[in-house]
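Please find the structures below.
Here chain A shows up in two complexes: once beside chain B, once beside chain C.
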Partner chain A sequence: MAGKDGSGKMLDFTDSRQVSLPISRVKLIMKSSPDVSNINQDALFLTAKATELFVQYLATYSYKKGTGRETKCLTYGDLARSPEECDTFQFLADILPKKILARDYLKLLEEEEKGDEGDGEESDDSD
Partner chain B sequence: MAERPEDLNLPNAVITRIIKEALPDGVNVSKEARSAISRAASVFVLYATSCANNFAMKGKRKTLNAGDVLSAMEEMEFQRFVPLLKDSLEAYKKGQKGKKEASEQKRKEKDKKTDSEENDKSREEENEEEEERMEEEETKEGEGEEEED
Partner chain C sequence: MPSSALGLVPSQPFSVQPNGRFEKMDGDNSTTDASQLGIAGDYIGGSHYVLQSQEDDGDDGMNDNEDGIGSKDGFREQDIYLPIANVARIMKNAIPPTGKIAKDAKECVQECVSEFISFITSEASERCHQEKRKTINGEDILFAMSTLGFDSYVEPLKLYLQKFREAMKGEKGIVTSVTVADGLGDELTDESFTNQLPAGLITADGQQQNVMVYTTSYQQISGVQQIQFS
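The block that comes next holds the complex of A and B.
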């Protein structure tokens, strides 16, 4: 059941009829969704279980595709790449924005402004 | 009431454990990555709920059921989860049923006991009391002897 077997295989490490995630918290999140009235017990269980599978899947996918394999580390960058590498993770694009160096961002802004010069408008969005 | 995903987080410790056990041994996970996965998980729940709710509404139901969640998984392109989810659900339902049956069984046995006890109780009690009294007297005598020594 619980425990690593050292082979690095992806296991369903939980007793399949249980979930590690707190059902109450999952319920809280579900209820915050508009138009949702009630959720039956089985649906709650399934959602919690599916979320666990999702976490496993996102972590292993991002790690496999990422550069972390050399450094044996899963980084934010690996995760941020997953929406563009895999359509299934597209819905995460907004919450996993790619990071960009400040100087590169400023360069981008400059180039945009140059392109807009013809409009006669200057948008200075420096945060 | 719209709540931002950041306010509805799942416990860090559990998320970390799930990640660590999914990844090969010895792989580290940056704090940022962990927090990102946690946010992603919350968004996943919201997305799944919204999707499942659409199916419930289609069926003119106000309560989300297991079928709605499974349909949502397919809709979201997480079909890969469906077989495992179905098995888990069966195991879960059996567990729930077992618990229910166990507590019902206990209740039945309790009821049975009280019924038969009420009939035989008085007779048994009398016998037991007599035996106890006899034993007490014996031990008292025994104890008495020991104490004196």
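The block that comes next holds the complex of A and C.
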């Protein structure tokens, strides 16, 4: 994909001069970290560029691991598996919880309850 | 109904919030109380799950704005994201052309990105403090990358930075690629990445409108939406 700049020249988004993410927003996120006062321009550029690389990496990695399941579609599930499979993504473990259908979770809960109480007190009907 | 005692009906749709909170979508008062279910309303129990709605097509109510700021009055740290269009575009270019991306996957990566930025920044900030400096510089960022397992990025990033600086020297200025729905309106001063800039012009409160950036090649005026150079 490419865009155009003011002179009509086609821009390549892999152009190293360009960052395809809004710098101001990157800065906003950075400043939301505690104890951050100033950020120099190089640091901003590097962070924005690194973020691009990171997105590419996360997408590619998860997609590759996912192929064979939902073929050709990158799903949330693919992403959620990445912290387990790759140390680099460990820091994402808390924000990538696995999803579970409500009914499956409720089954889990019921089983736990039965286990706890020991005598399987009826809190529900059978199907 | 098997689960009526727990107050949760599996067939009812849940809205799954990006940070793991869930809310029942209809208005009835049956107990979806987290307390009844023994959970805090965030991640469920110790098994670290998030409820998936029946449709799970990326429910409404996740991001109020397409551009990824949760609420205009008082940003919560977890609400600040990069615009989803930009994120989605990078993802799309990374996977094979025939591949597709689920909507909730895009939104998820949006959050991962914010997490990544914060992760790198706090590490860099720590180093900066240790060395008794107030301004995070490029070295701090690169150091953070290598400490946190992104060592492979360091060399390419150095090259990018070098090219970037050279390009800035040679040209009068560049126009960034258009960002979708980024309403902050102060993109202009972001273009002034020239070597002549004094470091650390970004003030603590993040305001840029008052910063006048002077370079030998052009003068930026805040409030002007776009500069174009032939």
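Convention: the second predicted complex is superposed on the first by the 100 of 127 C-alpha atoms of A that agree within 3 Å, B and C clash if a C-alpha of one lies under 4 Å from a C-alpha of the other, contacts with A are read in each partner's own complex, and residues count from 1 in each chain.
Convention: a residue touches a chain if its C-beta (ideal position, glycine included) is under 8 Å from a C-beta of that chain, and two chains touch if they have at least 3 such contacts.
If you're wondering where the values come from, they're calculated on a predicted model, not measured in any experiment.
Chemist: Putting chain B and chain C onto chain A via the overlay, clash or fit?
Modeler: clash
Chemist: By residue count, which of the two partners contacts chain A more extensively, chain B or chain C?
Modeler: After superposition, C is the partner touching more of chain A.
Chemist: Identify the partner contact of A:Leu96: answer first if only chain B is touched, second if only chain C is, both if each is, neither if none is.
Modeler: Both partners, chain B and chain C.
Chemist: Is A:Tyr105 in contact with chain B, with chain C, with both, or with neither (first, second, both, neither)?
Modeler: second
Chemist: One more residue to check, A:Ser24. First (chain B), second (chain C), both or neither?
Modeler: Only chain C; A:Ser24 stays clear of chain B.
Chemist: Please indicate which partner A:Thr88 is in contact with in the superposed arrangement: first for chain B, second for chain C, both, or neither.
Modeler: Both partners, chain B and chain C.
Chemist: Hey, which part of chain C ends up inside chain B in the overlay, 37-45, 109-117 or 181-189?
Modeler: For chain C, the clashing option is 109-117.
Chemist: Which residues form the common part of the chain A surface touched by chain B and by chain C?
Modeler: Overlap of chain B and chain C footprints on chain A: residues 6, 11, 13, 16-18, 20-22, 25-26, 28-30, 32-43, 45-47, 49-60, 62-63, 72-76, 78-80, 87-88, 91-92, 95-96.
Chemist: Flag every residue of chain A that touches chain C in the complex, lowest number first.
Modeler: Against chain C, the touching part of chain A is residues 1, 3, 5-7, 11, 13, 16-43, 45-47, 49-60, 62-63, 72-76, 78-80, 87-88, 91-92, 95-103, 105-106, 108-110, 123-127.
Chemist: Considering only the defined contacts, which chain C positions touch chain A in the complex?
Modeler: 1-6, 8, 10, 12, 14, 16, 19-20, 37-38, 43-45, 47-52, 54, 56, 68, 75, 77, 80-83, 86-87, 89-96, 98-102, 104-105, 108-109, 111-122, 124-125, 129, 134-138, 140-142, 145, 148-150, 153, 156-157, 159-161, 163-164, 167-168, 174-179, 182, 184, 186-187, 190, 193, 197, 199-204, 206, 208, 226, 228-230
Chemist: Which positions of chain A touch chain B when the two form their complex?
Modeler: Those in contact with chain B are residues 2, 4, 6, 8, 10-13, 16-18, 20-22, 25-26, 28-30, 32-43, 45-47, 49-60, 62-63, 68, 72-76, 78-80, 87-88, 91-92, 95-96.
Chemist: Can you list the chain B residues touching chain A in their complex?
Modeler: Residues 1-3, 5, 8, 10-11, 14-15, 17-19, 21-30, 32-33, 36-37, 39-50, 52-53, 57, 62-66, 68-70, 73, 76-78, 80-81, 84-85, 87-89, 91-96.
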